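The following pair of complexes shares a single chain, subunit A, combined with subunit B in the former and subunit C in the latter.
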Partner chain A sequence: MGNKEGVMNQISRRVFGTGVLATGLVGSLVHSSRAQGEPKRGGTLVATWGGGEPQACYVPAGGGSSPTFSSSKLFERLGNRKMTGEFVGELAEEWKPAPDFKSYTVKIRKGVKFHDGKPMTVDDVIYSVSEIWKKYAAAPALSDFAGIETSGDDAVVFKFNKPTPEFFFASLLCGNVNYIVPKHVYAGTDPVTNPANNAPIGTGPWKFKEWVRGSHFEYVKNESYWRPGFPYMDRLIIRYVRDPAGRAAAIEAGEIHIGVFNPIAPPDIKRLTATGKFVATSKGYEESVWATTLECNMRNPVFAKTEVRQAMFHAIDRNLIAKTVYYGYARPGTGPIFSPNKEFFTPDTYKTGFDPKKAAALLDAAGFPKKGSAKRFTLNLLAAGWFAENGKIGSYVKQALEDVGVGINLTVPDRPSSIKRIYTDYDFDLAISNQSNPSEPVPTTTQYYTSDGIKKGIPFRNASGFHTDEVDALVEKIKIETDPAKRKAMVVEFQKIISKEAPLLPLLELESTTVASTKVQNHSNDPNYLAASWHDIWMAS
Partner chain B sequence: MERFAFLGRFARNRGALAGTVIILLVAFAALSAPVFFPTDPLRMVAQPELWPGEDPAFPLGTDSLGRDMLAMLVHGARATLLIGLFASAVATLIGVSVGAAAGYFGGWIDETAMRAVELFQTIPNLIFVLTIVVILGSTLHNIVIAIGIVSWTPIARMTRAEFLALRDREFVQACRSMGMGDFGIIVREILPNALPPVIVLSSLVVAGAILFESAVSFLGLGDPNIASWGRLVGDGRELIRSSWYICAIPGVAIMVTVLCLNLIGDGLNDALNPKLRDR
Partner chain C sequence: MASTSGSSRRNAALRLLKRRLLQAIPLMLGVVVINFVLIHLAPGSFLELMTAENQVSDPATVELLRKTYGLDDPVWLQLVKYIWALMHLDFGFSYRQNMPVLDAIWVGLPATLLLMISSITLAFVIGVAAGVVASAKVRTVWDTAVSVAAMFFFAAPSFWLGIMMIVLFAVKLGWLPVSGMETIGGGGGVLDILHHLILPTLALGLFYAATYARVMRSSMLEVAQLDFVRTARAKGLSRRRVTLSHVLRNALLPVVTILGVQMGTILAGSVVIESVFSWPGVGSLLFDSVSSRNYPVVLGIMVLGSLVVIAANIAVDLIYMWLDPRIEIR
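Now for the complex of A and B:
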């Protein structure tokens, strides 16, 4: 994807970080096709990502992609999702629903130790779920959570007020920052300000050693890691470089071995991979697909008619944006659920493809005819300035909509102003924003479209103001439907309704890239590689 | 006669003459932009990253989005010159008012005004401009106001110094003894005599304003609805290793314009400074 790295240092891409973000670490060893022979042990891996240093090494509420990247090497989750889509246990050995799906019994792995030598027990799990997940990391997802209790020495029972689908529950266990944290470190403190957040003690393959602010984190091998023989390498350095050109130079010089999440600009990707010493891949982002969205503010009466909203999308040539703005690292979106989502995606949605004539006809039909050179109406278009691409897309959307007779005033505010104007003041008619959703649509995806998602001041929720009783009721049913086939049918229905109503749609699904030296083996083998533990990565000499 | 002597002195500075010619050309390009490029210069019109000369229809090529570089450059000249001139006018207006009041009245007015000047001088200019633009919003006139607000201090100091030197001269005292009011003395008697060095400084503020605007646009805080040179450089920076002309062409335009404005400032200094008359 384009040069979003440039602005990444001011922004956190996963701004919400509270949803059920199904993510996975590959539990068993999956050698990539590039891996040759026996893994080499030892050595230091230097990694970076397409953004800046985090505000803290670990942020209980998520805090964006940057702390997720740094903390996910130190902490682990109960479950993980594999590339193939199946859920596997990590700190949990297995989980089972009760017949009524109102509770789940989770068996906890034995013999796992925290970095300070203390064993991980069910108490740590209960503390993490009730004090960290419920209050910070997964609050919206746990809205129907009724409590958690022990069941013997090595199991816990999650209780819910309503039936809870299995996929939803598994996704919860794999949520981006739904970690198991040590109770003996966090109990009795305010988890948000606990100093341990800047020197975390987890169960992961890497142990925190040092944070040199403004430069890097240094992690060392966890000698008593519960997966015998892992990690392969001795040290992991996470280095932060402010701009993409600097990252490209450092990767080229061999100072950085791997960069995840768009470390460098697309023209540099071509240049580096052409040498044969570097590889670029879009694998490892299946569970964290980013999209650029266009949102209609329903508070403006011109958007009262569905035809007007549809016309906005028909007027825009998304393939052109994909080609020119993202250099091909993007594809047109089709509906509220993104195409890599194996469980729920349907291509069978209302098609808002590029068709300016249809856009003009829809606007005519909606009662906004074009009279000579006068505009049909004029809109304020806000392109959120956290990614540089959004501003470029803004210029194009302005041109495209002016071609169908809609006047546009474009503004490209910086990150804080954009968040305030879109999600607090609702001061826009059309907004170009971004979102990243996990496979499980509830609540992260659905709360962009439901009335309970309209929460003034909370970023990345329903800012369009769109709500219908039909959608609200459907989402309530999706929440509690435990039959996977029926549930899928409901989510397909949801996609059809939303794509037709078009209050907010992804213009484009973005393809994130990882760039690495060809020496680095076993990378990009997890559907959310940025948030994976990297226990199995190694480097050939 | 006096006027011709002024022009002669100005033209004796060859650099200033060359600078004027080039600035006039830029101004002509700016004025004629709607004639030669009647459509919005920010429209995508061709294949992206067309090199200069590759397609005769786009002599300076296209940028990363396929927009005509020449059209953006010419329309950008409008925005750039407008911002430069108006920002300089704002700065001159504030600077002369504050400086004249401080120099003429002295006392607590002088003290207050000079402390205000120092306060403004201690704030890093670019940061101050960015802050104002972020708070007020990135529109053309907010950028003009922001640049004016940070650029007035040298003009105020210069005006004050001139007023201090002139306020007790015989002709001023004569005016006073005739019962002329303070405002009349300031505007009609002292100001015309104090103006030459201020004009030189204002011409330099135009150049500074263009640089400020370029920096603001380069950082992506410019008005997104208009083409400006700084924005072109900013948009092109990620392609600097492959399509460097996208940065280079507007960059050269900024450099040449600012250089010419400085040369004109020198020429004005030569022409207006009586001490250099017989050099």
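Now for the complex of A and C:
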């Protein structure tokens, strides 16, 4: 949760593609399920992902997808969310709210040991929550956190200043990098620079063995793992191959068994799955849906009128972008909550479908009529260069907006420059950016639209500068509403307001893919598979 | 007499070495200053990226970090401090790797040097051999074959060549590994590393081999026209002996010259090849450091890279003297 995809590595999003259509996805999953049987023990699994090597094996604040991928096999969270949507305990056995929902008692699992043999205790939980979650991993989510204390030998009590909804609390326990870290390793040190971040000691199914920089991590089976009989495999290698074509070759040659988060380009997905030796699936990303967004900088007086912002979206054919830029592996977004979110999504929002005539009419009505060949106004469009696809989308958006009489100056800066210009300098009129949100909308989603999300220099927050008292008040209510039905109604209201206001909307919701050898079993079985522990993965003979 | 000549050549070599080392000082200073300024002109800083990655919004913490990394000083003072630290072999600290810059570079340096040395050796051996064959069999099918091959490898981008070789030799034929420097968990021996080294060496080295082949061919043909070669032939020496002992040695001079000049471009080329083959060298580190504005590491690699180029050029000068003793007279 606290692990906003703060800084994304340069990943080619061309890896989303048409390739995995019927033959790749459906056919290969049938093949995969047929191969399922009695789990085979032992062996080495070599995995990769669609990005580069992390800056550290574990980054307390998250640090992006790469360190989340590497650290999530070593550390564990108090809770986990299953594919069915159900929350289950991991290092916690159970949790229960107080009648006023201002505190939660969490019973800690007994018999869990860290990789160095020391037992995990409530002290580790208290340290992790108060020193790591509160300060780094989940700081925005814990804005109303009042403290944590022990309740006997095997339980802790989370205290909040305000009533805290159960779904919010459960999501907090399952947050991407809301891990329980060993107090005896981190206490008294700076957690950001602690050398243990490069050789972590956790409670997870895998123990850190080696990091060959520029090449791979080697993890070995945790023989003292608290889940009896797991993990199935002896060794897990996380290998880094920068180039998607190189990844495709390594997967094809059998050097890599599984690649998550768009490891290879769409044509390669189609080619590999057609052999029957590989499967591709878009399962395992339900809790980490990525979107490509268009942000209007409200500091520009042009965007003061809602009609202008709505016109930006009506002028853009998002189906065309999905088809040409993402090879069909994307769909137009409808509102601030993404469609795979079963808890809160509503399709009943203001429709920003492709309609250039409506866009022109809205601009006319807003007081920007087109006079001859002159532009209505000119905007600086910044396409964030951390994904190659953003630049391509930028080129199309420029054409589309120019077709309705809006002049566009397009720039595609690299990652550091994009972060600085969008989130520190607010140096853009329109920005093509990206975000990835879990199901719980507070604060990850809502902070893009509230005044407390405007934090200069902090990426993936409210850079548009949009805020209204109505939305701020509504989000405050969502934060504390403990009745699930009422809370859902409020989130639906939130979506309706935001989609109509259109300060920042997803152009597209992206579909991520995992590619694996058919020998790899029990994968993609977690709604955030990149950040899952992989304790139950195994390889058929 | 021979001993006097040997001693005089040794002294000349030492004088040259001393001169080159003295010249290297302002050169290195220029490298540091230019790179430092260029890097600081790029928008975005590592502090901004660091605070972004760690979601630090507290101004006091940002200020503390600014102070910790010396970014609260004016840029000119940062430069002076950096040069002073360099003079004490302190290359700074890499926040991203959470270790001293020199340690971070040292992790990948052996792999890069291995790739560079193997590529340049391959390029030199194949290039020179191909050039000799082409010049000896001028206007024959051999000459044409060398020219066509040289044109192909000169024109083919090394990353494309690398991917094509991976597809053919690793994926289709299964003879060689796709990427990496050693078999993970099961290798690490010399033979294993050599096995992994073949494809990246070919991908990087064949471009330079093509260049050397073209230069060597024309140089051989030019030298073969000179009087001393005609004299050697008139003395009754065999064609093979004339070619190898007289023509080849003198024809090597231009190849040796461009070899020294190209050390820098080979280092740059290794960045691409390391990426294609996931070779764990400083190329990957440089790529990551540039995209994360990790200035200390970028500067460290630039400085060490410049040192390698300077050392290579000094070595070339010495080889030059050995190949052509007249050079010490000039």
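Side notes on the structure shown:
The rule we apply is simple: the second predicted complex is superposed on the first by the 506 of 541 C-alpha atoms of A that agree within 3 Å, B and C clash if a C-alpha of one lies under 4 Å from a C-alpha of the other, contacts with A are read in each partner's own complex, and residues count from 1 in each chain.
Going forward, a residue touches a chain if its C-beta (ideal position, glycine included) is under 8 Å from a C-beta of that chain, and two chains touch if they have at least 3 such contacts.
If you're wondering where the values come from, they're calculated on a predicted model, not measured in any experiment.
Contact with subunit B, but none with subunit C, is seen for A:Arg271 once the two complexes are overlaid on the shared chain.
Of the two partner chains placed around the shared chain by superposition, subunit B and subunit C are both touched by A:Ser417.
Of the two partner chains, subunit B is the only one that A:Ala383 touches; subunit C does not reach it. Ranked by how many residues of subunit A each touches, subunit B and subunit C are led by C. With both structures placed on the common chain, the touch criterion links A:Gly62 to subunit C but leaves subunit B unconnected. Of the two partner chains, neither subunit B nor subunit C is touched by A:Asn319. Touch criterion met: A:Gly391 reaches subunit B, while subunit C stays clear of it.
In the superposed model, A:Tyr240 makes contact with subunit C only, not with subunit B.
Common to the subunit B and subunit C contact sets on subunit A are residues 2, 6-7, 245, 413-414, 417. Subunit C meets subunit A in the complex at residues 42-45, 48-49, 51-57, 62, 96-98, 107-108, 111, 159, 163, 166-167, 170-171, 174, 177-181, 184-185, 274-281, 284-285, 287-288, 291-293. Across the interface of their complex, subunit A is touched by residues 40, 42-44, 48, 64-66, 134, 137-138, 220-221, 224-225, 235, 238-242 of subunit B.
Of all residues in subunit A, only 2-3, 6-7, 244-245, 265, 267-268, 271, 320, 324-325, 383, 385, 388, 391-392, 394-396, 398-399, 402, 409-414, 417 touch subunit B in the complex they form. Note for the complex: subunit A touches subunit C at residues 2, 4, 6-7, 10, 44, 46, 52-53, 55-56, 59-64, 136, 139-140, 192-193, 195, 197-198, 212-216, 218, 235, 237, 239-243, 245-246, 249-250, 252-253, 255, 413-417, 419-421, 423-424, 455, 457-459.
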